[in-house]
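For reference, chains read A, B, C and D in written order, and residue numbers begin at 1 within each chain.
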């Protein structure tokens, strides 16, 4: 068994607690990290702390994504690991949803994943080396009432991940879809008193991402679900 | 057991063999049919034969869909049955896909389904009466290699259907997603000699659509898969 | 499109409301019906009413099942339709379950299905003609807490149905697994006042079984789920 | 994030390459290991090498399993980790399967899993601490043609695992079902020349088992699939 080694990683949709935890975990392993987000302002502190690069990018825009990878090519290098986190959701009864918001959910949650993945894979294929991880949600596998837009975006992202895994695994590129089935702990979202570990700890999630990323060729996971012990499912 | 009765139906994405078969089956039961497609030219013959109305509509455009339903309101009446068939696919290695085509696949296969469903449900809810059927494919439940765009669009449509079923069934509106798992017989796509029924007969598909549409409240299907007997799965 | 025609049917696990409804629906179509159950006492009234044959059989016993089919061969004829309904459940925390009851759940819910199916298929294969329907439940696709035994039995039955569908569809034998997702209305289980159709009506279920049974070769369903409109899922 | 710590492990169905790899990986982490198999003869060498205990046990027999745990209680201690590997398969056309073999597949692949899990959980519940891992296969999620018996056994085991996860996660006991989707490398089953990592390396599988076992409460996986990079799915 040989763990796969990586030197560079790109996290798209950086800013949330999960992205920060992922960035820290990658850097701890000696992997260089680039953080891309629509606004890089909030990333400055983290980036300085861990020595990461930051880049501004609206992942749902083709030209932004092309520029992101071109910029990385100049200096940082092609990312060998790419993690795609962005999603956009709008909630409410189907009849009340704003079509523009529904379209945005598809564009940010799924189409952006395609744009980023396509640029990444173009750089990975010649080396037959790379790992792409998509962040899913409960809504990726179950369409909930009053959440049609999010279900559409997250289902679509899962369809992309499945198609890519079937196409790219035999070419040496690992594609994984992570189903995060529960709320993530953050500064704004604290666990209720007396309910320890009732929310997903970003560091715990990151540990499973890192495990999947390092899986040797002989035993790859294409989908892993993670949920707190007390979460009903 | 009481079958649910309907008076009016709208088929979107009319033109293919499936839509024609559905239209004939509905008319045979005394249901008035409206056919909507981007171009209504090809529909003229069928429409005249069965006494159906035709309307031009690009289902992925909000204004087109709003106009479609406004036009139906004037005269034809609100459709009590709505069937959504359109899809758009582009194939090839992930790295070669044209992003504009991928976006179009999401827009036609999934976003158009939302636009049409939203208009339909607005009219159905006050009467707590109606049935919406989405046409899925093998790609709705399995992301195939070299078919990322179609997987994205069809997965998204299934997410929409699931979310709508959970939200709307208790409000009296039946939402069903049909997984058509195999090729459909058509003028251009004939069965191979010696392989009878190796393609899906549009009339056989239509019979199952009609069965689902008429299911009484006590036993609704939210998803039905159909495939030829010789199809591997 | 040609509906498939059948002359004879065997319903195993007869006695419940569903079996009676299925029997009536089949007889109405001119199909001769045989009813098999562990005890035939309760079947006498129904059998006389609809002109059905009754046979005693513990479906989880190999010799019983062999005798059942041998008896049918003498006179009634080989059943062209076979419906398998029996299940056995025991509930409670995992640690409290009686292992004998768990074994019985596997034997009645799943192994009996295999025994009956094997005898049936032996008679259907030479004619490449027949339909076998297995009755599943919510527990067939979701393992619920405090219901391990039922989950084991119903999952196993679904595994059998899937394997048989993949093996036998190309040989002309239709195998379908019906997921009954909700409570069935019966003399003992009435709908709550003000909640019409909140339980599955056996006649509505039977209508969908009959539809599946008659599907032409070009569009077979291998699994169909049925649930009341108000059932959450 | 705090990894969960364990002191003792029981591997049932020891003997195969996977069990040996698991045993080594556990011992490397300082965990005491007990190996149970129908015959302990083949285990002697491994047990001596890694300092493991061996016990004879036919996991499909209630009295054997009760004795196994009673014996462990005397000296070794209650296992905090339990891994269930046994399965039994018979292949061939449905009509040719020997019913006794089909029953054995259910008993060994699924009922034994229940027996072992029940004894294990009785000991884990008072401490609200423990992890139970079931080894699944491709057949756990897809019923293949000519493999009805294996599908029945493996589906049933998955039903058990799902039910247990829903019941026991909130009580502090982690239950995971591993879908091993591909052939496992062994002395008898070598990779084809020029196809590196085309079989699952037992050590790679073990690494993912260990990762799941150590997952902290806030991010548990209930099911993880593993397959070689070149495996089609």
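Here, a residue touches a chain if its C-beta (ideal position, glycine included) is under 8 Å from a C-beta of that chain, and two chains touch if they have at least 3 such contacts.
Note that the coordinates shown come from a computational prediction; the quantities given were computed from them, not determined experimentally.
Centroids of chain A and chain B (each the mean of its C-alpha atoms) stand 32 Å apart.
The distance from the centre of chain B to the centre of chain D, with each centre set as the mean of the Cα atoms, comes to 44 Å.
Residue positions of chain A with contacts to 2 or more other chains are 166. Chain contacts here close into one cycle, and each chain has exactly two touching partners.
Each chain pair that touches appears in this list: A-B, A-D, B-C, C-D. Contact residues of chain A toward chain D in the complex are 1, 166, 169-170, 172, 174, 185, 196-201, 203-205, 207-208, 211, 215-233. The part of chain C that touches chain D in the complex is made up of residues 62, 93-95, 97, 99, 102-103, 106-107, 110-111, 114-115, 117-118, 121-122, 125, 139, 142-149, 151-168.
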